[in-house]
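After this come two complexes, each holding chain A, first together with chain B and then together with chain C.
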Partner chain A sequence: MKNLRTQMQYYGTLYRSFFELCAAEALSFRTHFVLLIVVDLIFYGTMFGTAEVLYHHVEEIGPWNRSQFLFFVAFFLTVDQLHMTLFAMSFWEFSSDLRLGKLDFWLVKPAHILFIVFFRHIRVASLLLAPLVWGALIFSGIQVGLSPLSWCMLPLLVLLSLALLITMEILLSAAMFWTVENDGINFLRMQVQSVGRWPDFIYQYLFQKLFSVFIPILLVTSAPVHYLLQTRGEEVLFFLLAALLGMLFLVSKVWRYALLRYESASS
Partner chain B sequence: MDPEITIRCTNLSKNFRVSEKQAGLAGSLSSFFKRTYRSVPAIQSFSFEAQKGEIVGLLGPNGAGKTTLMKMLTGIIVPSSGTAQVLGFSPSERKRAFRRQISLVMGQKSQLWWDIPALDSFHLLGKYYEVEHSQLHHRIQELADLLDVHGLLNTHIRKLSLGERMKMELMASLLHNPRVLFLDEPTIGLDLVAQRNIREFLKFYQEQHQTTILLTSHYMGDVQALAERIVLVLDGEKRFDDSIEHFESFFGGEKYVQLELEAAVDTEDPLWKRYDTVWVENGVRADLRIPTHRFHHALREIFERFPVQNFTTEKLPIERVLTSLLENPRLLEQRGESSLR
Partner chain C sequence: MIFPSSLSRLLSYELKKWMATISLSITQRLAYKVNFFLLFLGPMLVFFLVQYNLWHSLFLFREGAPIGGYTRDEMIAYQGWVLVTALLTQGFHSRDLAQDIRLGRISSYLIYPFDFWQYHLGTFLGLQCIQLCIATTAVAALFFTGVFQELSATHLFLGVSVALCAGLLWYLIQYALGLFAFWIEQTWTLRVLFALIASFCSGAIFPLELLPEWAREIVLLSPFPYLTYVPVKTFLGAELDLPLPAPVALTFWSIVVWGCGKLLWNRGMRMYTAAGM
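Take a look at the complex of A and B:
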């Protein structure tokens, strides 16, 4: 227990340092800093705007009305905003670290390699938008009339969805150890994410199975929203947890194997 | 493991799988559908030991396997076969206790954050190694004094010159007072003054802290100034392992002569070939290697046949020894590889 607390303190302190360095770095480039905020705002605007346009023409899409769909969009954007702020940069950096051999430095540091690689880069500019997306999520939750249980489960499900998304992306990124040229993997990650931008019921049966079982991106957003809106039962939570545990298991195995065959770029 | 032995590797080997492709579009298409691989031995049956506080220079041409060896000893890559022990740990297990006690500097790569001052990176490194705040502050001051970089600590890394950046890299690698320091070409690309400063710093630091240092460099000056022992790596194999004095006297039976001639002479004359002549200025200045037993005879012949203006003689410079060995590795075999440990 003491050991666990010491470990938590160690990684907590390290993470705070990562944050301080990222903040120092981000604030060095003022235009870039502001531009990132603007880009994120445009993205959020297009997501909500698309939903508004669609519901201007139809009453329902699948089983969801406008409020329910907007709640789904808000939930997706909340997970996406956390992902963009805390992890997205690290995935792109990992690609270049591998190709240029900078991973060598992280491998000799006395912290867990997954922590160094995937928690090191924080996009501080996006952090400022957290109140906006959480505000939108709460507002759309009120509009849709979430139950008290759903309100309690909401933060937990956001974190679980984020965890599933990250482990899935780490697993995909581990393929970079084999592919060497890594842009393809990063574009694949982005496309997988874009599949999750839409609710599961818009996809045909085979695609639903593919993106729920093999690449479970639909469990990241659709499953928790179905549970929160009570359009499906607790079984979706079970699938979400099972997928997360499965991904964690695979990540630990694949990553260990990938490091064994890491050859490092020559200097 | 003997506590005095910090690094030990036995029959260490590493093979890399390399894909091959024929030139041109047809070759690219063919390789896209059917790739052929071959196994390239980067390091072969390499056995070696380094004592506590020793500085060992790893020498060899590009692609000899020096960096691969270093990467195996730091746990970055896993050996194909053989065993390695550093500070009693197997590097490939990447134990945290092991990683806390080593450090790696690569002259061609940087571990510092590019867009922020070095001081910020140092504080992060202090957290990695759990160096207590006041101790970290003291270490930064001490190292900054030695390297004379106080004025640069708050400058963004991207704004520093290569020499200044390398000083920061060295500081970064020493903040946690590692017991083993792996230096992979730490002075590459630096001007002569910067090279000398780095060497002097490393020498002084090592004397103070008795850190075991494994150094690879293309500059003989680095090895000469720092290392007590040289390990020569050729084609992934250890070909020489002994003191630098022994290496310098490798051609002990020969004298190194520098000639200056009054006028350009025929550089194709067979005499020059007999003495491994290197022309510094075509036909006017030359460096020769002459066997001691033929020294008088050779000089007399040269003086009789060519207009010698000046000449000096000394023992063979280490740079020249290395060049001769790289050009003709058979010389090692002819000498019976007596210095292979």
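Take a look at the complex of A and C:
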């Protein structure tokens, strides 16, 4: 127990150092800092704008009315905002580190390689938008009249969704160990994310199965929102948890195998 | 005075440089085929699949009732042409160009007998050759899978012409955005910003008829509809109610963006130092 606490403190201190470094770096390039905020705001605008345009012409999409769909969008953006702030940059840096042989330096550091690679780059600019997306989530939650249990489960489900998204992306990123040019894998990762921007019921049977079982991106947002809106039962939470555990297992196996495949570019 | 023989030699010399650059660009792009697929084709194919599923299900939920004047088949065909247009217009992005500036590699271009803009235009043309082949395959595939119910040679020819001009406008915009690397550390934010606005305002996600009247009138004054909506409607052979005819508007916007690029290049070169060269 004491050992675990010491470990937690150690990683906590490391994470604080990463954050301080990222904050100092972000504030050194102010134009880029502002542009990042503008990009995120425009992205949120296009997501809500698209939903508004569609509901201007239809009353319901599948089983959801406008308020329910906007809640889905708000939930997606909340997970996306956390992802953008805490992890997104790390995937791009990992691609570059791998190609340039910089991974050597991270492999000899006294911390778990996954922590160093995927927790090191924090996008401080996106952090400032957290009140906006959480505000939108709470507002849309009130509009759809979430039950007290749903309100209690909401933060937990956001974190579970984020965890599933990240483990899936780490698994996809392991493919970079086999490719020479890695940007394509990062683009694939982004495309997988774009599939999850829409609820599962818009996809036909084959795509639903593909993106729920093999690449479970549809479980990231659709499953928790179905549960919160009570359009489906508790079984969706079971699928979400099962997918997360499955992904964690695969990451631990594949990542170990991928590291064995690693040939430093510099040595 | 240049004699015809000298002129012909000069033209042949220039043509060789252009052809060599285009050929090099094609070889470079196809060197890593999986990466090329994931980088250039993957995003467009996934976008089409999402759009196809979305509109298919929307019409299914409404039991086939039209949306914004579009029937199910018309909307699916629209999305199919969006894919073809995207293949012909949106391949180029200015990442390499911005890196050339940021890493000081443009010093080489300053002493080469081939300008920086010529090299990148040649690269773009090389990519367009590949994209044209892929777009042709896509049209055939979409026709045989029933996404396109009918194909008209006239509309196809006009559509490809407009899409290629839109591709040039896309390239010029990307080129101008890449030149911001003279001033800012990272230009990818500008590219993403442009792509986000373009996807929403160009008619890629939904036809512009679905926008409210006031929003459509504003959007039609911008260059964005000419990147997707106008080429798609030309492919479909539909009548367009535009403030300016498509070729005139595309020429106008291309000249405006090219002028901005020229201005940015001149300003940027004044402050370029190429440290360590």
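Basically, the second predicted complex is superposed on the first by the 266 of 267 C-alpha atoms of A that agree within 3 Å, B and C clash if a C-alpha of one lies under 4 Å from a C-alpha of the other, contacts with A are read in each partner's own complex, and residues count from 1 in each chain.
As a working rule, a residue touches a chain if its C-beta (ideal position, glycine included) is under 8 Å from a C-beta of that chain, and two chains touch if they have at least 3 such contacts.
Just so it is clear, the model here is predicted, and its values are computed rather than measured.
A.B. asks: Considering only the touch criterion stated at the top, classify A:T46 as touching first (chain B), second (chain C), both, or neither.
C.D. replies: second
A.B. asks: Of the partners chain B and chain C, which touch A:K102 in the superposed model: first, second, both, neither?
C.D. replies: first
A.B. asks: Figure out whether A:A111 sits in contact with chain B (first) or chain C (second), or with both, or with neither.
C.D. replies: The first partner, chain B, only.
A.B. asks: Now for A:F201: first (chain B), second (chain C), both, or neither, which partner does it touch?
C.D. replies: After superposition on chain A, A:F201 lies in contact with chain C alone.
A.B. asks: According to the contact criterion defined above, which of chain B and chain C contacts more residues of chain A?
C.D. replies: Looking at chain A, the partner in contact with more of its residues is C.
A.B. asks: For A:F18, decide between first (touching chain B), second (touching chain C), both and neither.
C.D. replies: First partner only.
A.B. asks: Kindly list the residues of chain A that each of chain B and chain C touches, one partner per complex.
C.D. replies: Correct list for chain A: 29.
A.B. asks: Taking the complex as given, what residues does chain A use to touch chain C?
C.D. replies: Residue positions touching the partner: 29, 31-32, 35-36, 38-39, 42-43, 46, 49-50, 53-54, 56-58, 60-62, 179-185, 187-188, 190-191, 194-195, 197-198, 201-204, 207.
A.B. asks: Give the list of chain A residues in touch with chain B in this complex.
C.D. replies: It comes out as residues 10, 13-14, 17-18, 20-21, 24-25, 28-29, 100-102, 104-105, 107-111, 259-264, 266-267.
A.B. asks: Over in the complex, which chain B residues touch chain A? Could you list them?
C.D. replies: 16, 67, 71, 74-78, 94, 96-97, 99-100, 102-104, 106-109, 111, 113, 115-116, 120-121, 123-124, 127-130, 156, 184-185
A.B. asks: Which positions of chain C touch chain A when the two form their complex?
C.D. replies: On the chain C side, the touching residues are 32, 34-39, 42-43, 46-47, 49-50, 53-54, 56-58, 61-62, 67-68, 183-186, 189-190, 192-193, 196-197, 199-200, 205-206, 210-212.
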